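Below: a set of structures, written as structure tokens.
In the two assemblies presented below, chain A is common to both, partnered first by chain B and then by chain C.
Coming up: the complex of A and B.
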């Protein structure tokens, strides 16, 4: 029972919360202004676009694929938006145009991966370069920085001078996408495909349609991220978001999403994003430069996977006998399929009637 | 085409497909050369081809290492950062010790690369981190180290000895000295992959990791070796980079991994590992460099090159997949035919035995 309790306590999300609290205490130690309401609310704003990218990528990774072209997709959506706006299109219509283009680029990735069955790593590595080039071709040289204030508010504005609108966008997106991932048929399909694509297809999951949709969703979220990016930074340039791929992937993987697909939660990704934001904020308070920060974030990404591997190994070792004992005593029914399989396997190996 | 395929044995079909890939690159290269020859007047000059050779040289040296990693069904995204870091360390040490023997500096570069490559290998094999994530992280980490070491400073050409800079400016037998490094690396790499046990192990691991392990190949150690070689060659690439672009700072060779991976993928190395040749990779590097050089001569912007690089990866992967699928279908059909023929023969023989 104690071990089972330990298993519950070692939920990945809980570890993330502990880490966030730890880093916050360190930050508060560095600056007395850390624990003010204004700082806590504003802290996440510069990382909202990273969160939105990570949410889209989460679907792709859970489906067992990868999309490293998200940052380039963001850049294309940003420059399309800027060009449309610069040519006299209403700012909101232009934003819809940016979203549509981003979704279209996602569709291209999705078609190549889902329909032609190409490896997503190679495809999105290619489109990473291709889209980045495209962004520079669409808007070369000078950026556009003449957006109206009511648009910029979605990145830097406040509700009642208190609550950042960007934070509301982030949490709203997390909620909607969390429901989509955890409580709809589409979401279950994504998990099924990530766990075992062939089995999912054979049991009637429209695998290629779901895989195309997942990439489109990732593209669409890159567009949303691009629109809030312009709102926050106030200007649109072709190198928008460059260098943030590390943070995006870190948020997803640190959030406990299995890089081989099939498991992960939206809450975990949100918490991981907050951890990255708090950590970067803290390192800025400690006067560390951007590249030193990248070293730390890179190490954090590696550490997250290593920790996940270790925990999984430890659980596989520790949980087997505990579950078995409980099952024999009839304390629990192992309805949980993987645990039941583990227990059954263990039972078949140990002589009964001891 | 299908008729011709029918007449062949399965092994011959497979061998022909590999030739086809190299012939395809040569044809694409021919088309590109003719196009630029017509459009850009100074394309077909000795000087321009020597420039292309210098560009190709560094890509080839690093791509040979990347090929080994990709053959084992992994990928190394950190090579650009390793080239940059090693280039800066080379230039920095050389600037302080102008009299140091060049071999020592080259060994230093290879050593630095080796160390960074081993780290990649250990992360992938021992810590069981997927190569794409591990090397994405080390891409940032190694680049961060570059910034830590340089403190934002730059080494300039005048600080470096002439003998070192001559690597890029002198020619031996008509080829730039830099290119001879690439020739040697390509030949040695090719021989290594074709004839040594370690080289064959890379192919085996990439074709089927499980089967390779059951066949007694120490897969983990071989993958670490592949990453180490990739790092070492990226280190050597950094040495050459410093000679070619002697004003080295912390951002040297940023995004260079894209050029390298484009050359490897266009060159016909399967991204799922297990197949590919150095000859193909060299041809791929030449094709990429030629087209990029042509773009420069036609005054197309830097960013069209980037677009082309990415599109080339996607097109190459698509063609690969389609050809592989066709090939597998043909092989399956051919095997079925062979089996059916044998079956018919056996039945005929049985009937012949039974009738008299």
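Coming up: the complex of A and C.
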């Protein structure tokens, strides 16, 4: 019982909530405007497109792959949308066009990784550059900014003058994708492939098809992010989304998704996104420059990876032997009480003569 | 249970250290008697904007206002928006901004205006309905024409030339290039042929690569115009290293401090810019006058901008209302040591 309670208490998601509360208190200390309802609701809107990108990427990472081309895919979908609209296509039809192109770019990634079995980091690094270039080919110059207000509302509008529509889009996407990930056969396949692709394949999971699909899903979500991006910023240019990859990957990894695949939750990613948004907002209120902000977010990403590894090592029971080895080598001194205690406990449990 | 706790402990303490560290480093704006002005450049860590910031602080000190200078590390509009929102939330009275995209920052600036903030754009303008007034560098038509003349004078008004610009989306760059092209159509410049506009993205590595590519692709190239401080210094470095300073002339917009050694080596005989410190000074002066209700942006209004003297609100290059900084400054071997920025 106590064990179960502790297990629940030390869920990653709970840690994120604690961190969000901590950063919020710090922010409130910096600005009296922080704890107003308008501010709290508005806080996340500039990060909605980052969240939508992160949600798509979550599937890819859980499947044991990575897709760093999402920001460029967003740019291509945005400029495609803008060109269609600029050439007289109805704005909503143009948006569907933008989504279709983004999904197509995801399919290209998926085919290279899932069918040709190429390493996803190299493939999507290539497409990161190629798609970015493509975006500038499709629409160079000052971009398009003449979209009708009823379209812009999906990114920058409010329900009852208070609740940002973009936030509703974000939460809706989290819900739908959460169900897809946690409560469908497809979702289970994604986890199975991420845990052990060979085992999954041998037990009848259509591995190639699922891997192609996760990249298409990631592309599609980059399209959704792009359409929301235009709504929020009211401007479609080829440099859309540039510089946001750090926040996207941070949201996924900080959300507790194992960078090696096989585990993670949509709720975790949503909470991590909120944490990144609150933290960035707090740093903004503290007048920290973009350079310092990037250092902090970068360190947070590293901390999340290290913590994730520690926890997995702990779950696999690898920490005690490691500490023991360190103590024997004299790396940890015997007056390091907690470590020594752990090591001693382990030693006492270890059968003699081993 | 010990083992999981250990990992958790690590994370929590890391988070705690992070938060504490941040609070300690937070340079929150001190309350002063005057107005609080948020000065938001396209990006920080670049000399020109640092100079603008110094000018802004100088004007603020004279006027009794307080200025916070801060911005993103990449020249991306999406990264300026959180700064705008934060400035509005923190109760700043005005934002002075050089925008990365005239449209993308407009919704955020309008939100700020709704909260009572005044918006003054400078250097990179924003959509007209999102600001009170634009403080313009020397007229875009002048900047374009001057650079073509500086180049022509060096190459005897004939031969192939190329442009190394910043990003393809930078509004000011594109306007200057447009005016350069118009100037090149005049009879005097007829025999100068623009062969390529390259984009170095205001990044030293990219700009150097683009310059090298130009030299390879156009062996008869006579000159390079780089209307960006990053572009011109990178191009000068490439010309210097590949020993092409004699064969290929260089001009554009550059910082005297960055260009001094190349001017002395003869790699850039003539280039220009405006006084970046004065630019920040003027923009902040205008912000202060707008906050005091002494300037509303009506055409023809005039005022005294401290040590810069009298200025008038005009219509410039189709933009209205605008306060213009003045004519471009020209730097040559003879005068470059007089300037330190």
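Just so we're on the same page, the second predicted complex is superposed on the first by the 306 of 354 C-alpha atoms of A that agree within 3 Å, B and C clash if a C-alpha of one lies under 4 Å from a C-alpha of the other, contacts with A are read in each partner's own complex, and residues count from 1 in each chain.
In this text, a residue touches a chain if its C-beta (ideal position, glycine included) is under 8 Å from a C-beta of that chain, and two chains touch if they have at least 3 such contacts.
Since the structure is predicted, the reported quantities are computational estimates derived from the model, not experimental observations.
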**Prompt:** Quick one: chain B and chain C on chain A, clash or fit?
**Reply:** clash
**Asked** Is A:299 in contact with chain B, with chain C, with both, or with neither (first, second, both, neither)?
**Response** both
**Message:** Counting residues of chain A touched by each partner, does chain B or chain C come out ahead?
**Reply:** C
**Item:** First, second, both or neither for A:291, with chain B first and chain C second
**Value:** both
**Prompt:** Is A:112 contacted by the first partner chain B, the second partner chain C, both or neither?
**Reply:** first
**Message:** Once chain A of both complexes is superposed, is A:140 in touch with chain B (first), chain C (second), both, or neither?
**Reply:** both
**Asked** After superposition on the shared chain, which partner residues are touched by A:161: those of chain B (first), chain C (second), both, or neither?
**Response** neither
**Asked** A:42 contacts which: chain B (first), chain C (second), both, neither?
**Response** second
**Request:** Determine, under the contact definition given at the top, whether A:203 touches first (chain B), second (chain C), both, or neither.
**Result:** neither
**Asked** Of the two partner chains, chain B (first) and chain C (second), which one does A:149 touch, if any: first, second, both, or neither?
**Response** neither
**Request:** Going by the overlay, flag which of 150-158, 186-194 or 276-284 in chain B ends up clashing with chain C.
**Result:** 150-158
**Item:** Interface residues of chain A shared between complexes with chain B and chain C
**Value:** 136, 140, 238, 289, 291-292, 294, 299, 306
**Request:** Name, in rising order, each residue of chain A that touches chain C in their complex.
**Result:** 3, 6, 10, 15, 18-19, 22-23, 26, 29-31, 33-34, 39, 42, 46, 136, 140-143, 145, 152, 156, 229, 232-235, 237-244, 280-292, 294, 296, 299-300, 303, 306-307, 310-311, 313-315, 317, 319-320, 342, 345
**Request:** Spell out the residues on chain A that touch chain B in their complex, using ranges where they run on.
**Result:** 66, 68, 112, 116-119, 121-123, 125-137, 140, 238, 245-246, 249, 253, 259-260, 289, 291-292, 294-295, 297-299, 301-302, 305-306, 309
**Asked** Along chain C, where are the residues that touch chain A in the complex?
**Response** 1-8, 10-12, 14-16, 18-19, 22-23, 25-29, 43-45, 68, 70-74, 76-79, 81-83, 85-86, 89-91, 101-107, 127, 167-169, 171, 174
**Asked** For the complex, which residues does chain B have touching chain A?
**Response** 75, 123, 127-130, 132-134, 136-141, 143-148, 250, 258, 261-262, 265, 271-272, 301-314, 317-318, 321-322
